[in-house]
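For reference, the structure I am asking about is given below.
Chains here go by letter, A, B, C and D, matching the order in which they are written, and residues are numbered from 1 within each.
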């Protein structure tokens, strides 16, 4: 069975397991105050060219989104997101559970446009009844998006400018950030994110870690952020698990190197499928390909290859997601192409 | 430096790291639907002699407490706990953050007494204004308690009976449950917990795992519990991390075996300190000793031994917590006794 | 100045003030346990032909919506509403503040269609990942809608059937219900609402009361509803204020009679404006007219007539809302027509 | 039947009903933007000698407490209150529903002592783990307290100083404030409250209004307070109902004058009961008397006089609350004394 259902089906990069094993009996203090967390944070600050950043480790993406948003918004504010954003549709109401509305705006290829945000804000503040409405308090985007697409630097700059005008922190969900940073043709770097956003996270779970996301606040975290992390149940006693993983990932460019594997295998697959006449639902430059398959074809592949169901295309076709990862082997790609 | 500050200063039992490494490149499905989670759940059900139990894995104790309580209580209810209970004082308001009150009752040695709970409920329902008050909706206890003390089977049975009378689920926080189960003189087993409670958890973080608690609902979980876990941000994509750890811990009695080490080292330490004339703040039969030290003594020990600060005893004395764990070596105990 | 900005610019029907005055020094018990509340509830049950209904009084519409929804939904559920529904856009996030998502669906003339709801539910349950999403837990509609439009009995029956299929209580916001019930051509009665919904409210604030909405649960209220009302701060000590108002409104058909005045004046105005060539934004059969005016015209009317701003129509036109009420006089209508 | 169960059993002062009637058909704008609200606020500012104060009207006490506290606290903070404070025990968990803990401290005669608060804060900040705990974020007291007792100016000054030291706003629940201000021997004025607190409210519901509390922020309200009031469902469309009532109460000293009646009747009753040998549970200088009665005596009075049940005193005695109000007649007092 060829397994392309998602990018979290393997464990961790072996260097992480090795380091966990080597350091296992060192006694360190808890709750993220250990030397591995300190070292990882320092390396992340360096990678972001942002020596003043505050860095925190959270064990998963929904948790990171929920904590960052609920710790940033004020009571009368909601978070602006693409209607297809992960926080809008696929987190079981985690944001609303903390008391805040997700204000879903129209998207294009999974992306939120600066002009869309600006129009929304203009209309909002022009409405004489806006005191009876939820204020747009911050903007959430994902990079790569849920469709594997990417913002250009110019698009991020435009969004950042609108956010600045309307005093809304800009938050980038980077659950798959590694795959964005090494995508062919991207012009967005970690330093750009640090420069243009107020908070973003560097995804570990989907890029070589067992679990963990590194939340970066380039201009400093909200007051008492650690207490709020605890309050939402996300402060691991053995913070070393986070520190060691990110320390390894940010040593000698490992994070970048393993991210590249996902892109190379995805690109090879894209080329191979195109040659076979496959139809793509959307052009995606990262590790997720969205392919339109005949339902009969899909049935025929059962037991041979596993994809992620994305959505119904029409009565006889389905959109599937095929995901590569840091761990995908080129031979799996070849086998899959042969199969299709 | 001798490190006795807490029981989460080391990594994981080596067998866990070995299994994580061995299985690392197996591709498994996410969110706890993998075969390791299934196997671990089956072993836990067997260990609890409760084949019908629902088992879930949550990455930490505060998170487990918050999710279990917020998923069990109805809107008009609060959770009854000892005033010294972890949920009452040391979780940054995690329960209140979900909208529920912690109803703190008087405790003795960290324990909540069935009679105390019964009196509270009687008074509550006798009050003609109780519709304007927070209803007691469930009871939370910890075993071992925050003071390392234990409930006897008779005490648990009495509590369970009161809970039954007043239709309050009984919830046992077992963050250090392993150390309770193998404590000398305890008569409480996993099967007893499954019989007497509605939900309890088997702590991993403090008993050999990198992270993780196994939440057991002997009579079945609340409807849509998984969605509520997701809503509170606690559903790990790589559920295998939980499954593998608990599968290892519940293979060949490892959980029990390593728990015993903490008790043996704690008992040796207790005996040694008593021989040196040390004064105990409270008699504790598990892995945490609470010792009253002169402040001058404490200063002298700085840099040589590290303890947990517990509370001020009087102007010249302090209560410290000395914790052993699954990983504590007998030679460390000997060195500490020599030092005191 | 002719004032048509809204339908809550006057005080209360004089019969209410008279009854408040007459009964002022009677000593009655608090929190809605007085004889006036009992009498009003009985009359409302009779008017709804629903002798088993539970009736509660809440002082305002947003409060009623928030309490009913937050007391009905379970934690993993959200409320389905038209994207233009009051709860979706104009209540400052009151629903989200209680932890629940408003699931906004497309509307037509402010109305939610049974087919739209059914399609949404079908797609939702067909999605293999719906456990990671907010479940549709109840349906909210307003009658009249925010655009003054009305559901037909057949439309309500269809919605009710879909709600029943998917186990979603149907909730009708009747802030302006009186105006719906007496609208020409409507075939929906109070008894129909009691038969087809799980909860609805009869608006007082906009139909002759100083404040207050009568929430009716035809099949019984959620357990401990009164405690939840208290928890959200909505339990008035002097419940008599609510009881007396609704007792008066439901004596001798007063509620219906005064509602009719709003419809008659609105109809006269509609006819008069049409004769003057005014353009209507939407056809509305109740007490709110939505008229497209040239901006220059609007400026000319300043200081002479006051309307509610609704939305920008195009660069040179604006949509305004002109509202009549139980208290509008026919001579005001004539003056307004003359002015336009 | 002599009715002394509470101080909200009558309607409103007749001058209020008269003004509501006189102004009934004036058309005014909604949501508290009408001229009566403006006038009432101006008069309240003058009465408080605090021309810069922000004033808002909320319809009830639990609602005022919940909104003020939830709008003032930051996420990591709780509200400090006497364990007997209304917010701690008798509001159905309204504060926790908004996500915040009520930190209950020991009280004496219903009052919170500056030293108690200071000790708590000192211990809190001395605890090296306080980042894992709920921060004391504001202090709530009631004046009169739930036991009818009063703070002296010196006590308030001491509390205010501690609050200032620890950056905690001081909030005074004045549900029965009128009765405090005119109590014999009090040295606390409205101007003192404005000087020493950050927010307090002037109770209307229990002092002559149908409903309503005037919330006063001497140094300005939290940003977007009105939106938060709306979010919690407490913004009345017909704000005039609040404005007119407080405008009348603060015209020509009516609020003070009618408060005095409650004190005079309470004092006469206290004297009369003492002469009859009645035993007081606590000395209370305001409109609530707490009397210890034999259960047999209580049974004998059934059907003749109605009191509030307070608490069980011992097996044969009960503490009852006897409340006078702005509307109590001296002849009722005489009848009650005769009866006892």
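One rule holds for everything that comes next: contacts are C-beta pairs under 8 Å (C-beta built on N, C-alpha and C of every residue); 3 or more make two chains touch, one makes a residue touch a chain.
In this text, all values refer to a predicted model and were calculated from it rather than measured experimentally.
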item	value
Set of chains whose contacts include both chain B and chain A	C, D
Pair sharing more residue contacts (C-beta pairs) when B-C is set against A-C	A-C
Chain centre separation (chain B, chain C; CA means) in Å	50
Geometric centre distance via CA averages, chain D-chain C, whole Å	33
Centroid distance [mean C-alpha coordinates] between chain C and chain A, Å	42
Junction residues of chain C, two or more chains touched	75-76, 91-93, 97-99, 131-132, 227-228, 230-231, 235
Contacting residues of chain A [partner chain D, same complex]	70-71, 74-76, 99, 131-132, 135, 223-224, 226-228, 230-231, 235
Interfacial residue positions of chain A with respect to chain C in the complex	75-76, 78, 89-93, 96-102, 104, 128-129, 131-134, 309
Touching residues on chain B, where the partner in the complex is chain A	3, 5-6, 8-12, 14, 17, 20-21, 23-30, 59-67, 91-94, 97-98, 205-206, 210-211, 227-228, 230-238, 240-241, 327
